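Okay, here's the structure, questions in a sec.
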Amino acid sequence: MSSVMEKEGVSLEELKKRMAEFAKERDWDQFHSPRNLLLALVGEVGELSEIFQWKGEVERGLPDWEEEEKQHLGEELSDVFAIPLKLCKGSSKKHTLLDLDKSNVNSDIAAGAAMDQGHQQ
Amino acid sequence: MSSVMEKEGVSLEELKKRMAEFAKERDWDQFHSPRNLLLALVGEVGELSEIFQWKGEVERGLPDWEEEEKQHLGEELSDVFAIPLKLCKGSSKKHTLLDLDKSNVNSDIAAGAAMDQGHQQ
Amino acid sequence: MSSVMEKEGVSLEELKKRMAEFAKERDWDQFHSPRNLLLALVGEVGELSEIFQWKGEVERGLPDWEEEEKQHLGEELSDVFAIPLKLCKGSSKKHTLLDLDKSNVNSDIAAGAAMDQGHQQ
Amino acid sequence: MSSVMEKEGVSLEELKKRMAEFAKERDWDQFHSPRNLLLALVGEVGELSEIFQWKGEVERGLPDWEEEEKQHLGEELSDVFAIPLKLCKGSSKKHTLLDLDKSNVNSDIAAGAAMDQGHQQ
């Protein structure tokens, strides 16, 4: 297997299946307990932060970034993205993943919008 | 719009499109600078960690968790999952998102497997 | 006990001793396993990030922040600060805590300085 | 300067002063904006997590860790510890750093203790 996402048209279901096979072939499931995966996620978010840490505010679309840096960013984002897909085994089947109306991200953004009028960049 | 993922068959492309529309309708794009999104991701990972922090090691599949807790976990995972999809605007087009062979997650796991033989739970 | 740091002249040794007594009186040591504490730290860093997440770049010294927000920041910083002091039980006695010449923070900053000339805010 | 903490009897005030001098000598203050420091903290917490990520639950005092690993842990903890001291410039002077009675860490632990009776390791 070379790449699971030749196009972004791949479904989440397909991604999860491919990742499960990939881990199984390598006998890595033994490491994928919930808290091991969670700490791995924290590590990956840390690596993502290291890309941005000394830059001050960064423009949307990263117009002045080198191609190499954008590549690095894409890799770290993939890592951050993959772990929640593995962690969600066992979370409620009733919850619809990425239900935007209920998402805390969105309510947080709404709250932030109300609170920070005039402060945001 | 009530839910973007009635089924996991939804594609990443579709998810990104729906999230973009959702933010646009609410005029939230003004808040979605790269470092704002990154710190929001850190906040969401923090909320995810709070679910697991005082539990000691947790069994795969979460067999003894209450339905409410699993629901909460599903919501937090959705939040963590959504932000990298927004952040990847500007990362390299050449990088194939979730290319498992190149992913650091996987090389880290391989390294971990080699190093921790005999230590893992 | 009302406060361990009436003045910043308190020593780290004294802080650690007071925190240990505080936890012991409440029988909280049972929760303070290394990975529990680590996840608690991640949760606290998440709360710290939530203070900053929708603000865009923030001026040093926080000149335009409300007193209430500065108070909140101080509380979250205390939490982030306290956990490493508890976690360091078991880390090498030979390592001198906060040895600035060896610290990765500093080598990272040095690397950042070299790499980001012209990019930083 | 070789080491700021020959003994843990060093005070926080002294630590902050030494760190400020260290940064000033190297002209690093230009990088130390609040959100830069915050992302650096996230990066350091990520490195700390990487030490623990594939281990499953870890015993207090780390009895079966190699000296080298303990050394590494000590270094990462120093980094995590140092950044909040730099970030607290601007947080409220009225807040007494590490006031244990008010700390969220402690109220979180209390809540966790009540909620997780029977679950903790």
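Letters are used for the chains, namely A, B, C and D, taken in the order the chains are written, and counting of residues starts over at 1 for each.
Quick note on the criterion: a residue touches a chain if its C-beta (ideal position, glycine included) is under 8 Å from a C-beta of that chain, and two chains touch if they have at least 3 such contacts.
This structure is a prediction, so every number in the text was calculated from the model and none was measured.
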item	value
Chains in simultaneous contact with subunit B and subunit C	A, D
A-C against C-D, pair bridged by the larger set of C-beta contacts	C-D
Subunit A and subunit C: spacing of chain centres that average the CA atoms, whole Å	25
Inter-chain centre distance, subunit C versus subunit D - centres from mean C-alpha coordinates, in Å	4
Of all residues in subunit D, the ones touching two or more other chains	31, 33, 35-36, 38-40, 42-45, 47, 49-50, 52-57, 108-109, 112-113, 116, 120-121
Residues of subunit B touching subunit C in the complex	31, 33, 35-36, 39-40, 42-47, 49-50, 52-57
Subunit B contact footprint on subunit D (complex, rising order)	35, 38-39, 42, 50, 53-57, 64, 108-109, 112-113, 115-116, 119-121
Residue ranges of subunit B touching subunit A (in the complex, touch as defined)	1-13, 15-16, 18-19, 22-23, 26-28, 30-36, 38, 40-45, 47-49, 52, 55, 57-63, 65, 67, 70-71, 73-85, 87-92, 94-106, 108-110, 112-113, 116, 120-121
